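Letters A, B, C and D mark the chains in the order given here, with residues in each chain numbered from 1 onward.
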Amino acid sequence: MALGESLPLHLEILIVLIKIAIVLGVFLFHAAYTVYAERKILGRMQARLGPREVGPYGLLQPIADLVKLLFKEDIVPAEAHKTLFKIAPLLVLTFAIVNLSVIPFHPSFIIADVNLGVLLILAFAGLGTYGIILAGYSSGSKYSLLGGLRSASQILSYEIPLSLSLAGVILYAESFHLRDIVEVQVNSLFGINVFPQILGFIVFLICAFAETNRAPFDLPEAESELVAGYITEYSGFRMGLFFLGEYISMYVMALLISICYFGGWAFPWWLANALPFLKAIPPTLVLALKVYFFIFLFIWVRATFPRYRFDQLMSMSWKILIPLSLINFLIVALIKWLGV
Amino acid sequence: MVGPDSYVPSAYLPVLIMLIVALLFGLGGLIFGALVRPKAYYSLKLLPYECGNEPSGLPWQRITIRYFPIAILFAVFDVEIGLLYIWCVGFSQLSVIGFWIMIVFLLIILIGFVYDMKRGLLDWQRVL
Amino acid sequence: MIERAISLLIISSLFFFFLLLTYYFRHFIYQFLSILVLMVLQGVLFLYLNAEFLAAVQIIVYVGAILIMFLFSLFLFPEEELKGIKTDVSRISYKTFIPIGLLVLLLVISLYRAVPENYSKQEFLSDIKVIGNFLFNEYWFLIYLLAFILSLPMVALYIFFRREDASRNN
Amino acid sequence: MRRNPYYLLFRDLLGGLLITLKTLFRKPVTVEYPRERVKVYPSFRGRHALVRDPETGDARCVACLKCVQVCPSRCIDVKYEIDEKTGARIMTQYNIEALRCIYCGYCEEVCPVGAIVLTEYFEYSVRTREEAFFDKEKLLKNWDEFIAKYTEKVYTNKFWNLKGIPDVLKPAPKRKQLEVPVKRG
């Protein structure tokens, strides 16, 4: 399926641009209101109220935050590497957003219909790590350097169990395309990938928390020891770009979990057979509900668990998660090999 | 099928467009911000944060070597994952030896990994 | 095919531009960044050869892993030390080339067979499934070799670190 | 390290998640201050004031200097003259540095005539240090401001140790006489 075959190239590009505008608009809106929802839910989980001054129930809070960030002074420390310091947040945000282009939101709605969906996401995750390392390196502050290094090595260690547990999913579908993954798992024995691969799901979930630098693995932003890690020196809209990148990668991870392990936009066949009215729900809404649940889980876990220590974090990744994901992978390989 | 000498990867064009749009979005926000935000710098503001003290020395000192084995192990496992993914995709046409070579491959990698683990290379606090 | 020519021209000129930048910059982090861009561009060039899996692996392995290893090893030195480093050709002895030569020899031995008849050349280049079957069914010995090559640095790592630690304590 | 095998069921983690989920549906404990108010209890210690005697229209202070002696942070400063006819002390200046005050309430407790009081008024904030320095006029004005909003007819403070105040109104440690054992022989 090459572009420019059925339609002229400029029309195709226009369609792609419209698709990107829709996706970007929806996700920026969601990212902004996830910040609001997070503050509200965190507040209620600690028996507080959360934001409620700006607008009814504080609903205009994200807009107020945006305006505040835009009008804040942008400080570049005197000793920083100026160019790198300015590029780094853009790198983080860009490679977080690009991940959205290979994720199908509907059986027929995907921006870039390429075969290597999962691999591209892994590649962009690797590139996004540079944004964090460079932000830490270029700030010219000791906290930033340490935070950047820690964050980079954390992301590196958690990418291995993440990709190993994804290997089980890919093996099951024998394809890198996320649409194929959904279609294969809907027609499989259990209808969703969680049941043969419960280990892989748990590993993936833990790694998703660590990859997005969220609590309980928010080491780079550990206020108690590293001030704010690699974003110590950032202020104003540049800091906002980091946050936007974090929230969008949170959505990417939630989308990946719900597509790879929970059947994406489809219900498993046994549930759809038992309750036929479920087929009337539009596919995107089903996906969105699953994603919202995982976003809620991200916030819920942040409200509940204390932060890990750095050496605990590393040894957990290498000593527990990698063997677990390998076991999961071998189980899937055996299931496939024996043709169960 | 188009040969390699006349192939245009047009399926990846949307990814490129997405990349450019995302970059433009970030840049646009920064440029708009640069127009409206105040610029009142003085030297005290531009100091790096060090809990209120005067910063002592440059931050680019020698870092601990403990970060380095993680990078090496990551590189090793990344190559392994690359191979694993090819194996996964072509699974249904694999021969018997094709299936078992991957298990052997994983086992050999794991031997090195377990050796490192037992020697305490991954324990952050242990002196080797 | 004019768009292919134009885009290849752009990519290759960018390639040379960043190649020059690696010589132009004096600070190691900027040199490193230009190498990073070179690696990404190499991935894009692989895309133009219809080798999309190779492009993805290029970016994941080289950009995502090996260059980060480089970066961490650069961080091990303080900035002042790196400025004084000069190349010393006389330190390179012929012994360095023995393992490299051995590796090349092994590769040649294992690759002595050409691509078997039953794989069509077009598919072999682009289809991942065909590559996978080819690698694991026909060239399994290479994978076996690679496993040893990969587990070697992990064992060597400990020996290297122990020596480093001992020298620091003294 | 040997652990309870139930550890593998993540019971503690799931229990923690359950606690936060329960709290999500609880009523928040936050008091939105300018709109809602916390109830002020009678023994609250707030802004300082000198009680204005309704008969003489002046402060009731007799300049005994007990409050100056007892104040732990030494923020009270009293100056007095001696009336040559009667020999009685007349208070001329009464200064409190409110920024140094620790609101212990000793001055109220020790005052034999109930002249100084820490009122139940707490919403005072100042922009300069000078405004937090209360002299006699300021303290009397504080009393007037406080008593104007006070609805009941008689005011009594729980820390005043006057004769005739029933024991119920006094703070708890004063009601129970603490018995201190003395070593004999």
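Odds and ends about this structure:
Here is the rule we go by: a residue touches a chain if its C-beta (ideal position, glycine included) is under 8 Å from a C-beta of that chain, and two chains touch if they have at least 3 such contacts.
Model, not experiment: these values are computed from the prediction.
Centroids of chain B and chain C (each the mean of its C-alpha atoms) stand 15 Å apart. Inter-chain spacing, taken between the CA centroids of chain A and chain D, is 54 Å. For the pair chain A and chain C, the distance between mean C-alpha positions equals 28 Å. Of all residues in chain C, those touching 2 or more other chains are 52-53, 57, 60, 64-65, 68, 71-72, 75, 128-129, listed in ascending order. Counting partners per residue, chain B has 8, 12, 58, 60, 63, 67, 70-71, 73-74, 78, 81, 89-91, 102, 113 as the residues that reach two or more other chains.
The residues of chain D never reach two or more other chains; the list is empty. Chain-to-chain contact here is organised irregularly, matching neither a line nor a ring nor a star, and falling short of all pairs touching. The chain pairs satisfying the stated touch condition come to A-B, A-C, A-D, B-C.
Residues of chain D touching chain A in their complex: 13, 16-17, 19-21, 23-24, 26-30, 32. Interface of chain A with chain B (complex): residues 1-4, 13, 16-17, 19-20, 24, 69-80, 86, 89-90, 93-94, 97-98, 100-102, 111-115, 119-120, 137, 139-146, 149, 153, 156-157, 159-160, 163-164, 167, 170-171, 174-176, 227, 232-233, 236-238, 240-241, 310-311, 314-315, 318-319, 322, 326, 329-330, 333, 336-337. Of all the residues in chain C, the ones that touch chain B in their complex are 1, 3-4, 7, 47-53, 57, 60-61, 64-66, 68-69, 71-73, 75-79, 122-123, 125-126, 128-133, 135-137, 140, 143-144, 146-148, 150-155, 157-158, 161-162, 164-165. Interface residues of chain A facing chain D in the complex, by the touch rule stated above, are 41, 43-49, 300-301, 303-305.
Contact residues on chain C toward chain A in their complex (touch as defined above): 27, 29, 33, 36, 40, 52-53, 56-57, 59-60, 63-65, 68, 71-72, 75, 128-129.
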